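The two complexes that follow have chain A in common; it is paired with chain B in the first and with chain C in the second.
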Partner chain A sequence: MTRRLLGSEHAAGWLFVLPAVVLIGVFGIIPIGWALLLSFQHNDLLTAPTWVGAANYRELVHDPVFRDSIRRTIIYTLLFVPLSVGGALGVALFLYRPIRLSRFYRTAVFVPVATSTVATGIIFNWLLDPTYGIANFLLGKVGLGPYGFFQDPDQALYAIVAMTVWGWLGFDVIIYLAALQGIPQDLLEAAELDNAGRWGTFRHVILPLLSPATLFLIVWSTINALQVFDEIYVTTRGGPLHATTVLVYYLYNQAFELFHAGYAAAVAEVLFAITLVFSIAQLWIGNRRVHYTS
Partner chain B sequence: MRRVLLLAVLAAAVIASGCGGSGSSASGGKVNIVLWHGYVDVEGNALNAAAKRFNATHPKIHVTVQNYGNADYALQKVLTAIRGGSYPDIVYLYGSWAANMARTPKAVDVAPLIKADPSINWNDFWPAERQAVTVGDKIVGVPALVDNLALVYNKKLFDQAGIPHPTADWTWDDLRAAAKKLTDPSAKQFGWAYVADGSEDTVWRFDALLWQAGGDILTPDGKHAAFNSEAGVKAATLLQQMATVDHSVYLDNGNGNYANLFNSGKIGMLFTGPWDLSSFPDVDYGIQILPGDVNHNTISGPDQWVMLDNGDDRRNAAWTFLKWFTSADEAMRWSIATGDLPIRASQTRTPDYPKYTAKYPGIDTFVQNEENAVKARPVIPTYNEISQAMGQAIQAVLLGKAEPKAALDQAAQQVDQILAQGS
Partner chain C sequence: MPLAAVMLLPLVWMLVTSVETLAESRHFPPTIVPSGIHWENYPNALDSAPFGRFFANSLVVTLASVAGNLVFCSLAGYAFARLRFFGRDVIFIVLLATLMVPFQVTMIPTFLIVQHLGLVNSLGALIAPNLVTPFGIFLLRQFFRTLPVDLEEAARIDGCSRLGVLFRVVLPLSMPALATLGIVTFLWTWNDFLWPLIAISSTDQSTVQLGLASFQGAHQTRWTLLMAGNVVALAPMLLVFVFAQRWFVQSIAATGVKG
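Let's look at the complex of A and B:
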């Protein structure tokens, strides 16, 4: 029995994926299960946990900061995803054409992605300082501002959107450039022969052929946007007045500043549910709209 | 509340995850103990030197010093280490975490050790330090560092504006008037600065004002909020008037820009402690006790060495080290090396004390000011939550988003709820 199993192709296959399965199990599946258990506990990470059933979830329903953090997370996602993916498409189409210094521009666009978030955060803190920042100085030259940016509760979230779009645009551009290179030249030539025109070629040839990349970027950016944390942690720390307290920041605050680990785990489960809904919806729509070349 | 600002938070986390508290307890009759801290630069070197001196003079004990990175995040790291079952014997922790540590079974209650061993001379530590480590009938650590807030001002800016330098009997009105005169929007110059991120940095400066007006954070029984009293509203109104009417306050968003700006001569006055002085090499500054209302109270931010239990031998060795390290002579050597305030009253009577005041001009104001640190923040596990509620209220007032009374009342309501629930 054992010998037959070992000898079978099945077993060989399992052996090949074993390292990945172990890694994903230890760092993925087990923590996911543990977090679910945690969400039904009162746990301060110090003393013995107690079971509280669904109490954490019931409390969440009546928590105004939590409700607002969901709202902010969704606003952030709805702004970040179109701006970064759409912006990247524009930049990629521009850089794909044979222009002078295109290699230099490609590198320049990618540099923010390779820059550490901490460094980016410190730079933006100074750029956007209401009094001493260069942003208000330049806007003042054209008669605008001054703006509070990170220090104004009505602007801070949008300042974070701008900073993160700047920081992640380069990644999306690279994906689009690779996808553009994969478009068969004969299709473009055929379009030209058919007098499709530039807009027609873009709308009916290029855009459909980019759709797998677009789907990937939308799903990937959405998951990232729903989990935004680092950029907020190094700039506004959730403030001012909770204006940038998104779900993951709220989770961090509850778990690691106030030591409500069970409550924070319940927040994580809600985030998981939201992410799942978004992803399923996107893939479902995507399956009907995406064109794969075969 | 020492803020060792480390820009590379991530790098620090990597380093910390690499340290283990695993020193084998006894090898060859020698007891090995491990100490975790977040000191860097001058203080880091001073600590390494102290450990070396201790090891040379104590053949039966070997202490290994390890840096855990930014002290702001030490509690999480220590709790994780305890969970993992491998933790150091001594760890540097902020005063505000004393109540959290008191609930950890692995933290050593040093009250019996102090009782059994008068050589520690416990009452020689400042009252604010002793209050900060006392949680009910437990004592969770030995004082490591003490700070307090004083008024640090730029002499040149005062002279240029023709304002006499601050005196020890300055009032809030004097502060406000001077801040207004020192403010010059065209030069982007502010009279005062306030950390307005809603964190404990925001709250403890407010606490000093609250106490000066005769108020308290909680009621004497510790069951209700008391900061929304008349005194609290008066303190918050001062902040409101200066920030939103006079516009004489630079609002720092928690990234410590105020220190650079003070050093560039853009800010006239700060409420700050001795740890910031080394950031002001370009300014001729003066130091004065805080302006007052009913009194001139300040707030003290004591930190502590907490002992964790790794068995009798290592516990005894850790106690021996801490007694030696916090003795008046050794503590004086530390103060001279680092500029930190004396942690013991008797340090001011050691023969080396004049050397210290000569090396750090103006520091004696901070030492004397320790006597104005009469009250302490509540040492309870829910303190972080209380601080967060107060911080949001003060931030709302500073940003002109709420009226002092309404903001404090709302925060008080939250705090009452937190206190009623416990942790």
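Let's look at the complex of A and C:
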């Protein structure tokens, strides 16, 4: 009896997970191993691949566009992460207090979250148009510009940062607001009784209690920043003069425009390594500084 | 207030431009208040790209992905949460480990696999890899584990099958988690761009995002037409979002995923 029951539980368990295991196996697990194999091949996505050993990686080391794409990806990440996470913290602290029109403000901040990256790119192409765009008009009012934005190699990457911070801010604010709602009111009242002051309360009560959310947002934003692609494809296509060719753009360009799939797979492995190193380092440093409440 | 202005300016300016004349849009300083409301940009935009087709394609792909995730993640999540079977923990860890590998790293072989399956340039290429996600399995498993096991045991003793327990007892109690998974999958699939860009090559198989990108490519600087098309493409998602904001926000806060 026990054996039969156990047996049926094994069978039921396997039947339940079977669709997931097959689908994730085919589209999730096999590609991981295959991606590594590909990086040692010459592959044009059509004809039979050939083995080239470590040639792709050797070529990468001497490829100036690749090296610059890593540099640009890291510059982008180092700007995007603090601006979006730090900005969101400020916005969340402002929206957290009951203020007039707070529902309207929240909607204004959240709406870009539902705006697709493609639509965002097209809108910013227009806002940042050097000749007719409203950005140059408004900045001109305060005595700045005019700027070339996406069309100026020295500004394009920063324009991408501004656009993507706009698109992502609301997401970070949502996470921060949820974390702020979790702060027990009596802790804030205790701080007030101790005359901690607004800065003291923020520095010694709120900030430590938000630290798990901050760590999550830093890790998650970094992963996403290292993978930025859509907004660049829609606006600058990696230009002008490669000024916005980040890692994933280069990967896409090599694999699906130039059909150097093996070479692109080597780029992908480097992306994977960089992502892992960043995530592990952040979690390692972060976990020693994060304050978890039980 | 300045903050709300900065956040809303891009969308408001899109709306304003979408009802201007082409001459008004090609003027500096910009025409803040258009001479009249020029609705004709909208029919013009709808005539110059098959938006209806794009919406139908996106809807098919999104609904199939949402349905697939709800069914397959429920089945697997329940098995991982409640059933004891050979290899369970190993499989679970392997599935979770795939979450650590970014899609961009595996997209080339995924394309080759889809090519082998003969799915390239069909909606199947967009649906098949998204029918089930390790993330969804993990989310539901965690939720199922918080439910009291007594109810399920009682149902079993009353002669209910395991599938019956899942569908008649567990899932009705799991509506918040299922709603979260459904909303997040919806947002993610609807706004996905990179994979459709790789897997689809023809206009009649394009999703809204893909169609929008090629619409821009075809009408470079006709900003009035482009903004009208953009409004058309964005409106349904933004309306759903604004009206169901609470659910969207809760789902995002619960899962930490943005499309």
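Just so it is clear, the second predicted complex is superposed on the first by the 267 of 294 C-alpha atoms of A that agree within 3 Å, B and C clash if a C-alpha of one lies under 4 Å from a C-alpha of the other, contacts with A are read in each partner's own complex, and residues count from 1 in each chain.
As a working rule, contacts are C-beta pairs under 8 Å (C-beta built on N, C-alpha and C of every residue); 3 or more make two chains touch, one makes a residue touch a chain.
Nothing here was measured: the structure is a model prediction, and the numbers come from that model.
Chain B and chain C, once both complexes are superposed via chain A, clash.
When the two complexes are overlaid, the chain among chain B and chain C that reaches more residues of chain A is C. In the superposed pair of complexes, A:His10 makes contact with chain C only, with no contact to chain B.
By the touch criterion stated above, A:Val91 is placed in contact with chain C alone, chain B being left untouched. Within the superposed three-chain model, A:Gly28 lies in touch with chain C and out of touch with chain B [touch as defined at top].
Touch criterion met: A:Val118 reaches chain B and chain C at once. In the superposition on chain A, A:Ser102 contacts neither chain B nor chain C.
When the two structures are aligned on the shared chain, A:Glu257 is found in touch with chain B, with no touch to chain C.
Contacts of A:Gln282 after superposition: neither chain B nor chain C is touched.
Of the two partner chains placed around the shared chain by superposition, chain B is the only one that A:Pro240 touches, whereas chain C remains out of contact. In the superposition on chain A, no contact is made by A:Ser211 with either chain B or chain C. Of 109-117, 127-135 or 163-171, the chain C stretch that intrudes into chain B once chain A is superposed is 109-117 (criterion: clashing C-alpha atoms). Residues 45, 116, 118, 122, 125-126, 129, 131-132, 234, 256 of chain A lie at the contact with chain B in one complex and at the contact with chain C in the other.
Interface residues of chain B facing chain A in the complex, by the touch rule stated above, are 7-10, 76, 79, 83, 100, 103-104, 188, 196-199, 250-251, 253-255, 257, 261, 266, 381, 384-385, 388, 392, 395-396, 399, 401, 423.
Residue ranges on chain C touching chain A, taken from their complex, read 3-4, 6-11, 13-14, 17, 25-30, 72-73, 75-76, 78-80, 83-86, 88, 91, 94-95, 98, 100-102, 104-113, 115, 128-129, 131-134, 137, 162, 187, 190-191, 193-194, 197-198, 208-209, 212-213, 216, 221, 223, 226-227, 230, 233-234, 237-238, 240-242, 245, 248-249, 252-253, 256, 258-259. For chain A in complex with chain B, the touching residues are 44-47, 116, 118, 122, 125-126, 129, 131-132, 150-153, 234, 236-237, 239-242, 253, 256-259. Chain A contributes residues 6, 9-14, 16-17, 19-21, 23-24, 26-32, 34-35, 38, 45, 91, 94, 104-120, 122-127, 129, 131-134, 137, 166, 168-171, 174-175, 177-178, 216, 220, 223-224, 226-227, 229-230, 233-234, 248, 251-252, 255-256, 261, 264-265, 268-269, 271-272, 275-276 to its touches with chain C in the complex.
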